[in-house]
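Below is one structure; the comments refer to it alone.
Lettered A, B, C and D in written order, each chain numbered from 1.
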């Protein structure tokens, strides 16, 4: 058992990659491909949950590729031989479980809406998952760039999956944006490598002295990741990508964006670059405002939810920005825990919204808001939508309100203007969701919702209700260790034994 | 058939006006300070769903009577109809024209006729009070 | 749940919600329920016959009032989100410029 | 002692309904008196509600099941807010946050909007999207004032600046010079206008505009559902005036008169009633009789433009005053 635990970081990357290539061997047996996809993802999910508990109890676990005994501190002479290392702490273990469960839900959701090219879809999905998990676990800058490229390419192809005129254009834009951000990220990595001769994040973090070169390098790295996670002035590609992606796998694309935002949060906190905090706050506020106001005038459902996702990213980034700026310890703790808790809630709430719009689009096979009506008599869907609407816009009992309450009441100590703008944008989000409610849940047409979609919806709603009913439990033994893992830099660095 | 007006409803009658011609200029002063209908709890509402009394005034053409009938149907059950002025009674001064409805009673059951062409506000107030007394007195003729 | 400057207790909210929901349901059950079906169920369109097509107000002109009062802001936003890739990258270069000047001159 | 709160949870809403309907009656009477009319009897709202509960409740064919459920939700959410605010001068039954109350204030109008939208009638759809525009409008000045006051509490070093209990310690007038008093009065003026907007009273009643969109949101509601919305309107009046009492006039009278025990309770609640009455008259009865309706486009400009600037001006004045002293 301990052998498996030791090799978990490596296996969690290898499994989706390996199963991605298995699909080609299965040829035309659609049923076999479905089974393979679901089984491989569930096995991966169980392993990641196991890893989460292991890391929670036994602290960070590091995995160095290529050395004789994988779990060892880095060799003190951190020159040659250069080895790529993974480091799993509470933060990325939690996010990896979140990512793989989202991908599992996406696969079950899209079981019966895939016509003939089932293998192609699963290959892209598995590559996306590999990119995301690699991005989460890696402890090496260049390796981060490699996984960023894998993720961007596969997500770009996923956006283009429907291969009609609009989605190809949106996918093309996504690929151009991603390659540009990848290049500039590589530029930053090049500066660091020229200056220090090594690429390991933990080692660099412990010996780096922030001078001019390091600042410019970090600037390039962080801004290119801002672009990939769609923060305000560089967000225009995001609604196109969400609007045109196939309706059953939009949540996967959303998860890719959130994983990129994990990357720059990790870099900012590990290299403790405080100056960027104000910029993060400005970017977050701007994307909250643009996201909410633009979502009011949309006609395409998934585009509207894309702008909502942009506004939610604005909330998370503002909270993290306040965490970077402030110095007082429990203010930093509460802002960052608010941001991370909101990341969890936001994934679940947007997930429910995307699933409901996926069901509506699949039955009415049109993305325009006007001809999606006809679910008036479907009681369950209406209740789920109302709960998700309350959650996303933060109406009291639901889980969105919990994280927004933490964000408002901690960022307000930095400056009272921030929660005011965030609250206004969350009210505007509410009104754009009422608009979607008006166009979907009006008129009667007794169409039957496919079973697997309802199962996925139930799972997401149960997750939301668990957080709503037991906020203290979720915060104390999930969000608190995750935030500690992110904030206390010493833990992330000390593993290196320098 | 029609649910009868019960006593507690009398204290607050909400009227919905369906007035074509001159009647409206007479109903308007009812809200003014001279003939205040609000002291009887009477309020003009804007949707038949909220209304208790339908105020029909002015001459009704064949088209407008059909709409009046639909509005009457859409009012919740304990309801009454007040015909305002001489036009609903006998077509008023348009008695000889081809398309006015001579007698509204044939289409909509009218409870109260207020005479006058157009009836003065006092007459309207007096009519409504007599309706109120009729209901209080239990005579739902 | 303690936050930095406040608190939130779910259980009080839920107990109050359940009790009050029961009280309001009692109040509502005092009223009369029955109504005549048929024409009384049609929606009130100032007395006109209801048309066949389903909904009357398209979703894009639903918030006409809000859009109209923020007309300048929305025209600017439409220009910004026009879908031309070179525009997007233009904004990216501006942000890099801002971040680099910001980070090098250490303006807090 | 938890069973006392249970009893309070059950009793307070009924008291609130009676008080609210009484206030609405006085409101209509004062408005009539201002137009030199006799005006309806004070108990007119009670007769209206009783009549509405007797009438039939018509459910349109095109409306979904939400149409019937939403009046219930809007009344329940208003009941819950009353429990979290210091109602009748007593300390609040349940302890809550100001942000929580701000968000909960959205629920009644949201329930009304969802009901209006699912009633299938175009009048109600237009009415409800105007109500949402109104809601988006009045939130901005309201949120600025409340966050400024909690920031002021925070700068005084209060432990929990957002909880309602710390608000009732009279934060608004604490440590203010003459300039500060002027700023606070300006904020009070803005708050009164925001209250009128939230109750969708005449200058801001675009959502239930009788003439333009026949009956607005409640075009399709009748009988018992309409009765519930009538009660919800009365409760909202109570809730909002109590909110202003919490923000601006939280001090009780019993401490001043120095009487204890039950008399203090009664004296406090009477003083509370007088405060609420005066606030209601100045905030929306005066407005109802003097100003006509704004267009929808002017609505958001009025809130986000003039009212917001006024509140920022008030905050700026108070800030200068704090700096000077």
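Observations
The criterion applied here is as follows: a residue touches a chain if its C-beta (ideal position, glycine included) is under 8 Å from a C-beta of that chain, and two chains touch if they have at least 3 such contacts.
Keep in mind the model is a prediction, meaning the values are calculated, not measured.
Across the two interfaces under comparison, B-D and A-C, the one joined by more C-beta contacts turns out to be A-C. Comparing per-chain C-alpha centres with the mean over every protein C-alpha atom, the closest match is chain C. Mean C-alpha positions place chain B and chain D at a centre distance of 36 Å. Centre-to-centre separation of chain A and chain C, using mean CA positions: 24 Å.
In whole angstrom, the spacing between the mean C-alpha positions of chain C and chain D is 21.
Distance from the chain A centre to the chain B centre is 64 Å, each centre being the mean of its Cα atoms. Taken residue by residue, chain D touches two or more other chains at 54-58, 62, 97, 99-100, 120, 123, 125, 129, 132-133, 136, 150, 154, 162, 214-215, 219-220, 223, whereas all remaining positions touch fewer.
For chain C, residues that reach two or more other chains under the stated contact definition are 5-6, 8, 13, 17, 35-36, 40, 42, 44, 46, 55, 62-63, 66, 70.
Looking at chain A, one finds that residues 396, 401, 405, 409, 412-413, 431, 435, 438, 442-443 touch two or more other chains.
Touching chain pairs in this entry, ordered by label, are A-C, A-D, B-C, B-D, C-D.
Touching chain B in their complex are the following residues of chain D: 28, 32, 35-41, 44, 47-48, 50-51, 54-58, 123, 210-211, 214-215, 218-223, 226.
Taken in their complex, chain B has these residues touching chain D: 3, 6, 8-9, 11-12, 32-33, 36, 38-39, 41, 45-47, 49-50, 52, 74, 76-78.
By the touch criterion given at the top, residues 376-377, 379, 382, 386, 394-396, 401, 405, 408-409, 412-413, 416, 419-420, 423-424, 427-428, 430-431, 434-435, 437-438, 441-444 of chain A touch chain D in their complex. Partner chain A is touched in their complex by these residues of chain D: 62, 64-66, 97, 99-100, 102-104, 106-107, 110, 113-114, 117-118, 120, 125, 128-129, 132-133, 135-136, 139-140, 143-144, 147-148, 150-151, 154, 162. Within the complex formed with chain D, the chain C residues making contact are 5-9, 12-13, 15-17, 19-21, 23-25, 27-28, 30-36, 40-46, 55-57, 62-66, 68-70.
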